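Quick one: the structure is below, and I'll ask about it shortly.
Labels run A, B, C and D following the written order; every chain starts at residue 1.
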């Protein structure tokens, strides 16, 4: 607990990498939203692209189990499920008693006393399939309000052979009216930060000028008024006092490189003994390209939640 | 809404800068915790030090209204209040219809339709008095578990005359056992990020290696095992998969410079007309030194909440 | 935990009977509501009337500490406090180590390990002062939507000398439009039930025909349509499937008699030893008359919460 | 919203009567609980017994999609799904534009603007399949703490041909230690009341002596101490001040008769026109016998939630 995000547009996510299915339930989506199943499929395809740690061939098909009738949302919970086909648990047998460096193997076992070690279990990057499916539905809702979300990969160094690389993703949300957000512990920027830090491998978050603002003076930083309540600069990233000001909302998320790499790996077992593991082709040189749509999805879920708070 | 943070150790904060009082209610603090009123006073004093936008002479005295009997917590809600003495609302009369650049004047009015413009109202840095008072109580609870929180100001350039500066505060939490935190939407790092972004002027957050991790390769980044489940490096900042790993928890928060500076200021009114305002000695060259204890307080509130989730 | 009720119009209550103060914080009250302090005072007076276990002479004055500026709500948290003047803790010295029959003395101490025994502490009927103060603010908000709440004492037998009596309070809410309520775990009737059972001494709740409906046949029970979506009868009490149907909302709450009576009382101590306590004039023959306004207050808080969910 | 119940052992339920599936996600179930699939099946069978409005032949098979590995819970969300096989939507075609008396047809459409009219949609009694499946898992958890839940049908008159009857179900929970429950807005009795009122057709709730207590005097009502902190009577139903006292927890729930009966029915359409509908064998003379296990399930979910709060 807790696998729920949002208070109005509320996603409860579930699933382990190699269990029967990944999925979620959205509670609070307004009634009457048209559900475009092709759009959901295209978002899932965006996530599926790129090199995978364990390339799966299944198309990650999203089945909707409730909450939609004759192509429109009912206002009741929207449950969806994505089957984990094409899984081979045998690949992970050697990992059963070992904690890999940089992974959540040790921490999950400290937290829960046991874990599903296959493919990272609940800590797997695969769980973001449910984020993307729910984000697609959030985007359909936001589209009706003229809100658009677009993320891009800013830098992402090419790693040496057998290694991986990190990177930074920038996201821009346009069309948000001024007045969205709730001080003092439900600020739009605070909630965006939490949503982004929920993405596996996220390690930093900044709004607008971000860490560079720490080097500025107040006269450089403060966004001076321009015409019609817009501002000449957007150092604050579109949010002041936790509330949107009508300018584009801009933030960046730093991701560390994938910790599963194609190199011999020193693992520790429950007794504190070291074991050298030689990976067999399961590596992910670059997980950033497919994380772009995940960033968008988490932004969409957050914005949908706040838009319903405003009405 | 919402002015509540936490789900187990839950603070509901209230108060405007120039209203009768600032304060809060803590619900969920365990019974039997000894309340050291001198410690609360010393934490308030740490916050009070340094140059203020509007130096107040009152000692920010915390009165406890409930939840404590014979020096110990009862397990019932702890209400506390800090009177706003020594306030002069006349200083702010000229600001009534104006939106200053960089402030939350415009956004609050878009959100609520009206606002208390005096001293920033609920958007004032003064509201952090309630964070510090509650944080002091959280620290007393954490002390019993051997958890210590310490923040330091990393850089903070001296601004030119009449201007202000930003800076970065680093915070370290020691004594946290492995296994604290809840995937996937209640991660310890995500909740720390949200807590920090709730502090006025916060604009960036990073764990461990943070944004630098985006430039690393996986072989550089991943923290290799050392003796006894500790790691040789701490690039992840003590959290993996949203759960503590027993290493020190380390994060940094970037703050933008104060937007109230001692220079002529172009304000906009509700009709879109510009007005030049000349500030009269109300400026805050550097709010960072007193923010250090606020960062600690928000970290303490977050950690107290998670420690109660684990039991 | 938890001393918070509501998710949109959210009251966090605090205070022990003989501590410094009783009070609460309302988070989520919309901005711009006119606050009539005379109305709050008159509601407090309604509660104060009748015979008290320990008659207090103070007028239970409500001080508002935040969230109101120039007579209107700001949309920020409304904190209020009611001082416990005129308390004499010495009266309760003999109760310190004893558990009275029928009271929450034993259960509180099992829950928290210690308690404030003076006047019942947090379990005292006195805490309903905060419910009534908050309810008065909720009523002001509802008044703008044309919603009216009215409770009456249905029966309340006169008890023999030195004894107390229970009773039933019926409450009617008019002006609620059809379509208010949220299936399946946030039903309007379920939330009303929980709100009413939160009142000290409440022991039963029923909507409309209530327990008598268990004896009816379907053809007797079901409310047949009349003109304009109204119904000929109102056996369901104005709610179907957890959602209001536009008819008056009608429910009844059963209260057990006060357990503090003017008779010798067998108390048990922590070691299981019995002690006979002879009460000295502290009895409450009939707490029902002053509970009427408490029922209205809890109904108002519940309705305010749902009305904000609908908008 | 909201289809979630509980804060620690948290069930999010979904599904319409004639959509693809009914189900839920349990978040917060501790790790290491043994899952007995035969027990889940036997609880589903208890619910399935008796006469149905629309007898379905499928065995209501529960598929677990996540959160269980090698027969034990992982501490991660447990998603389960129950397919709606054997549904014939054609049976309901004539109901599309009509609101039946006593049903939630009109209220759902007022709430959401549209609805899935087939078989009652989300307001159908069929949704209690998800309550029973989740309740079975809660019972497995409670069994480890020695807590047992048992409900019985108290009265349930035999209705005349073509009609239905209501009834009262009494539930007893044994093995609950003293000290479970949270004043003042999270009382065990208040939460039981809300859980019971969430069951379709519930119309009244009472603890212990219930409505009869309103006729008692204090000297009759108050439960006098017996040996070892037990009491001679149990008029309070095992809860004082919202907290369990170690005695059996006893409550009763009144249910109104089913409103679908085998008689001509005056329905109203959206324009206010009346239409006489002649039902064709779809009636449910007595839904009470199968509601017994639903009452137990809701009690189990509530108790599981509180037991996790106490640890």
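Note that in this section contacts are C-beta pairs under 8 Å (C-beta built on N, C-alpha and C of every residue); 3 or more make two chains touch, one makes a residue touch a chain.
In this text, all values refer to a predicted model and were calculated from it rather than measured experimentally.
Participant: Rotating chain B so that its CA atoms sit on those of chain C: what angle is that, to a multiple of 5 degrees?
Facilitator: 180
Participant: Of all chains present, which has the mean Cα position farthest from that of chain C?
Facilitator: Farthest by centroid: A.
Participant: Do the two copies chain A and chain B share over half of their interface residue numbers, or under half; same or different?
Facilitator: Counting which numbers both chains contribute, over half are shared, so the two copies meet through the same residues.
Participant: Roughly how far is chain A from chain D, going centre to centre by Cα mean, in whole Å?
Facilitator: It comes to 35 Å between the two C-alpha centres.
Participant: Could you give the separation in Å between the centres of chain A and chain B, each centre being the mean of its C-alpha atoms?
Facilitator: The computed centroid separation for chain A versus chain B comes out at 26 Å.
Participant: Taking each chain's centre as the mean position of its Cα atoms, how many Å separate chain B from chain D?
Facilitator: 43
Participant: Touching two or more other chains, which residues of chain A qualify?
Facilitator: Within chain A, the residues that touch at least two other chains are 1-4, 13, 76, 111, 122, 183.
Participant: Can you list the chain B residues touching chain C in their complex?
Facilitator: Going through chain B, the ones touching chain C are 1-4, 8, 10, 12-16, 19-25, 27-28, 31-32, 63-69, 72, 74-79, 81, 111-116, 121-122.
Participant: Would you mind writing out the residues of chain A in touch with chain B in their complex?
Facilitator: 1-5, 11, 13, 99, 101-104, 106-108, 110-111, 122-123, 127, 155, 157, 159-160, 163-168, 177-187, 189-191, 193-198, 200, 203-211, 213-225, 227-229, 231, 235-237, 239-246, 254-261, 263, 266-268, 272, 274, 309
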